[in-house]
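For clarity, chains are labelled A, B, C and D in written order, and residue numbers in each chain start from 1.
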Amino acid sequence: MKKLAVGVLGATGMVGQRFIQGLEDHPYFDLVCLAASERSAGKKYREAAKWHIEGGIPESVADQRVDLLDPGLVEEYDLDLVFSSIPASVAKDVEASFASRVPTFSNTRTYRMEDDVPLIVADVNPDHLSLVEKQRERGWDGFVVTNPNCSTIGLVVPLKPLLDVFGIDWVNVTTLQGLSGAGYNGVPSMAVIDNIIPYIGGEEEKMESESLKILGSLGDKVDCSDIQVTASCNRVPVLDGHTEAVSVGLSRDFEVEEVVNAFKDYENEPQRLGLPSAPCPAILVHEEPDRPQPRRDRLAGCGMAVSCGRIMRKAERLLRFYALSHNTIRGAAGASILNAELAYKKGFLG
Amino acid sequence: MKKLAVGVLGATGMVGQRFIQGLEDHPYFDLVCLAASERSAGKKYREAAKWHIEGGIPESVADQRVDLLDPGLVEEYDLDLVFSSIPASVAKDVEASFASRVPTFSNTRTYRMEDDVPLIVADVNPDHLSLVEKQRERGWDGFVVTNPNCSTIGLVVPLKPLLDVFGIDWVNVTTLQGLSGAGYNGVPSMAVIDNIIPYIGGEEEKMESESLKILGSLGDKVDCSDIQVTASCNRVPVLDGHTEAVSVGLSRDFEVEEVVNAFKDYENEPQRLGLPSAPCPAILVHEEPDRPQPRRDRLAGCGMAVSCGRIMRKAERLLRFYALSHNTIRGAAGASILNAELAYKKGFLG
Amino acid sequence: MKKLAVGVLGATGMVGQRFIQGLEDHPYFDLVCLAASERSAGKKYREAAKWHIEGGIPESVADQRVDLLDPGLVEEYDLDLVFSSIPASVAKDVEASFASRVPTFSNTRTYRMEDDVPLIVADVNPDHLSLVEKQRERGWDGFVVTNPNCSTIGLVVPLKPLLDVFGIDWVNVTTLQGLSGAGYNGVPSMAVIDNIIPYIGGEEEKMESESLKILGSLGDKVDCSDIQVTASCNRVPVLDGHTEAVSVGLSRDFEVEEVVNAFKDYENEPQRLGLPSAPCPAILVHEEPDRPQPRRDRLAGCGMAVSCGRIMRKAERLLRFYALSHNTIRGAAGASILNAELAYKKGFLG
Amino acid sequence: MKKLAVGVLGATGMVGQRFIQGLEDHPYFDLVCLAASERSAGKKYREAAKWHIEGGIPESVADQRVDLLDPGLVEEYDLDLVFSSIPASVAKDVEASFASRVPTFSNTRTYRMEDDVPLIVADVNPDHLSLVEKQRERGWDGFVVTNPNCSTIGLVVPLKPLLDVFGIDWVNVTTLQGLSGAGYNGVPSMAVIDNIIPYIGGEEEKMESESLKILGSLGDKVDCSDIQVTASCNRVPVLDGHTEAVSVGLSRDFEVEEVVNAFKDYENEPQRLGLPSAPCPAILVHEEPDRPQPRRDRLAGCGMAVSCGRIMRKAERLLRFYALSHNTIRGAAGASILNAELAYKKGFLG
């Protein structure tokens, strides 16, 4: 079977590098085009990217030329779909110009909350994918599928089985987020050594709103969930990996063992369809008292598993647990690739 | 006026060093005796202590001999009171033997929850100090006054004005705690560089129980508060300073400005009596969106202020704010010294 | 061909974990026995070891029982050889008792400088291996082969081609060493966050003496080299990887290009024999001005390459370069395994 | 006596903040003007500066307005002298326009190596100050006095007594430099957590050339020293403080005790004149085997002392020691202020 030709928009950044890693030797997709801004265009990838993943740049892309972000690349490379991790500041027009040509799987926040755009975590709300059909009204040949913010993904994966099994009234989450989420130059070392920064611009708002769309039910559009979600977001001196301390008001009382089982047994379409990037299990439960930890657990399931631990019943109907996920794999590039795999298997890619 | 002669039990540890710093040139107290375990006894202080405070060991103690922990030191040095930061494993007997002779101000958890022992944060529940009179029934010539765990102190100081002004139904706190709280050898660098540890043994339980005694009302003994307090405690790669993300269910709805004013206006006996170690104000309110931060704010008010910020109304009656305090000063040695100053001014030290 | 049965002595430590990683699916060796001290013996490996390598414990050993260090294990498991990374304090007797039975490849310093014991870096002085025949005089059935200290290995690999091509008069090296070399509990986080420690006990002496034996020539015993080697050793806040700034007084003047070529072209028996753990190339030359860096380069060549860069002619005959190597792979477990592979191929293992 | 009115050019940066700290309550100088680039001009200082020194912004400047860098400030504020830590990219013109009006003490590299400009470390070559008289030929009313690069200062202070007592043939130094030297945004956290960067642009060249001018002898111009100095410069994850491992080929053989005494006894004009910022002693000798350390020792002598340790005779005439200094105090702002104090006492300020 012929693989689909794919391009990555924003190929040199922290998430772009994870796209390259995740698409190496991919069974469905063939990475043929690396696009980035003027600063990088025209250079070899090895010169354009400040590669930060241990083990070095894959040989297959090291000497590839980086192209300038331009929708003409679709025709030039005969692309079947694109992945995007470009900055929100330029995404509105650029992603629209690509989506009018081919399916576009985006990490950027720009289109996430629009009524006809699916905001998908493939392990949580795969059924929302059909929203792309609404986008025909835009007159596009392709469509946009978005995935949420990295910290939202790490939260909604464990919330989904809780919602299914117990019902959820409210969620209160505090995050300890890795640095790569802010981009290579995002956080100066002078800011964060021997320090934490109790603020990430826009992050709490994203967690509080995106979660509700993902956990909502699909009708003509998504009817957002009415769970009360409140978030406190912090940057900590960790390279990769978001740790989240989650308190949940469940709709009924429970025993810890029930929650453990709900997590362990959880699966959804990616697992059932055997998608290549699907983590199995989707949720990894730790029983040691001091896990999950970002450095030790972020690469579980090739960076796609959500690791949960410290599951406790703190009071009647009051559950507390920790969730850890790799912010640029599970929380970004890997999530996008998994969405594209889902779309592929379900026949949305032509 | 003659100063009172004081000794420090556990003088070489992280908290012991802060006792020495806080007692230098103290107007009421004269530090005459440094006691520690067999490992240190007999050495000069500069050789026994792994001094870690920038600026070096005060000359006044550098060459002083460290004595072996022994209640006979009371007579040998004619001590009027002692401060203790010895390990809980030995505190029960050692502190009792000192308390039977002189007032003993302890950082150790051993006696905190006993009915006749005051658990005091001088800025929060100074009235509980009179509990020491109950201890006469133990046949002691002195008494024990305890202060709570470091993370508890940073929490209850801002909770008190909220309780006074709005009433509190529940509290949900997530901590990001500095390393010094675990002792010099407590956390290996291999454990915490590029990592966080989402667990501190016994810490959540202490925050959840100690807070209720401190915020309780004094009768024949302390009647604990019935606020629901739940805590999630984390160790982060920060040397000193505990950051706490606090969500509070207030008993009535509120505006952010009311909370800001409740914090800014808060004072209690230490401020009114002008105690030497009392921070003024007790609570420092930051308006910048990214504060408080441990490295920047831990030394505010000579390490005795609690810095608060990111005060938000997240939903009806749902307040979220951050509190930061220096764990070995405000949260330990400084709190103990402030308790002793309160006892001194109120005539409990003879 | 039947694989040889091997055991690892000191299997739970930082180096022990790298032995397990390096021996997984090894073409010559089959890891059948994990031995450690009383603290670990009797437990499952997953419970005994504080596993710190990203990706988790290999399934093949996770549930294996850890045995108590005892030479009777040779018979119990019918071992053909053992690897040792036990503490120097116990190595003298324990390693002798194993070496009297089977070939023993040791990371420990105890036997390194003895006249009849080869101190080998397989890429540098493979010919010294024949010294083991001298050990027959000890009446042992096996023998001991040692590899040097981690920081020595990273130095002598690039020194060897310099010695061969230019001659060396003196070497002055300053190290910036990763934390894992000190063991999991070796360096407290309070000691090294926002700090460096300009001292590692015994390390400078080891670099200054071991290098001379390795670079010496083999006669009846090794005739040590008379190069003047001086070292300054530092612990820095890096998890794995030793960076070394090396100044070398060459015996003749040179051009940078000659040194680059000497490094790039260097190979020795491990490369020529195609040993499974041999890095190809042995020395990786970086041309970027800011490389090698420990986090980016320590895993080059599966952790077995030495990465060199910043090669400059600072004055006549005065060469300066940087060398970086993974301290627990290239500098310890991997070096030992490579020595055993060499011994295997050359017929020393029976 | 009336204090001299001074301004700081580049007042918001890492060094600018140290100027403000060092000029607070200064006995000779009164800080009246804070100047910076357009990005900061017009704002209150507390809003313009990302203040990073523990303890917070001095009240005296927090609400002061930041002025735009303009030589007209000399007349506006009736300035007697200025300190400069502006970027080299703009320094040539800006510093000249100030120096044509008033004495200008500069941290910037621009004028350091010009024949008529003194490059001064007040504890090392105070006599070079008279070079300013040569600058009259420029037609300036003021003059420029420069201090060297931070890493050079920490090196030449201990070299001077060695040169005086033993003579020096060559110096080989490897630095482990703190992050603040690169400016607040200079080093991304993604670059340096769990990592070191073995390269600082231009730094080795500065150490290798500036040292020779400072240690040179003054005639009509400075006759540079012919010591061979080679440097290897590294950025490490330390906030403040440069650690240097120094090997020195002395002109005669020596005993360690002689070096210790040469360091301890060393003083120069700043000490003899009792200048307010002069450290006493200039060189602090540590006898513990693991000192000096940046976090523990950088604030010695209010950040103005150079701490030395690990003094060893590695071979005949081959001395090795470590030197540590605070890069933005001893190595920058404090050095400039000390130069101005020297100029003041010696009558160069009118």
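A few points about this structure:
Quick note on the criterion: a contact is a pair of C-beta atoms (placed from the backbone, for glycine too) under 8 Å apart; a residue touches a chain by one contact, two chains touch by 3 or more.
Keep in mind that what you see is a predicted model, and the values were worked out from it rather than measured.
Compared with subunit B, the chain whose C-alpha mean position is the greatest distance off is C. Contact count check for A-D and A-C (C-beta pairs in contact): higher for A-D. If you average the Cα atoms of subunit A and of subunit C, the two centres end up 41 Å apart.
Subunit D has its Cα centroid 48 Å from the Cα centroid of subunit A.
For subunit D, residues touching at least two other chains, in rising order: 52, 193-194, 237, 239, 295-296. For subunit D in complex with subunit C, the residues that touch the partner chain are 172, 174, 176, 194-199, 201, 228, 230, 232, 234, 236-239, 243, 245, 247, 289-296, 309-310, 314-315, 318, 320, 322.
Residues 14, 52, 179-180, 184-194, 237, 239 of subunit A are the ones touching subunit D in the complex.
On the side of subunit A, the complex with subunit C involves touching residues 51-52, 54-56, 193-194, 295-296, 298-300.
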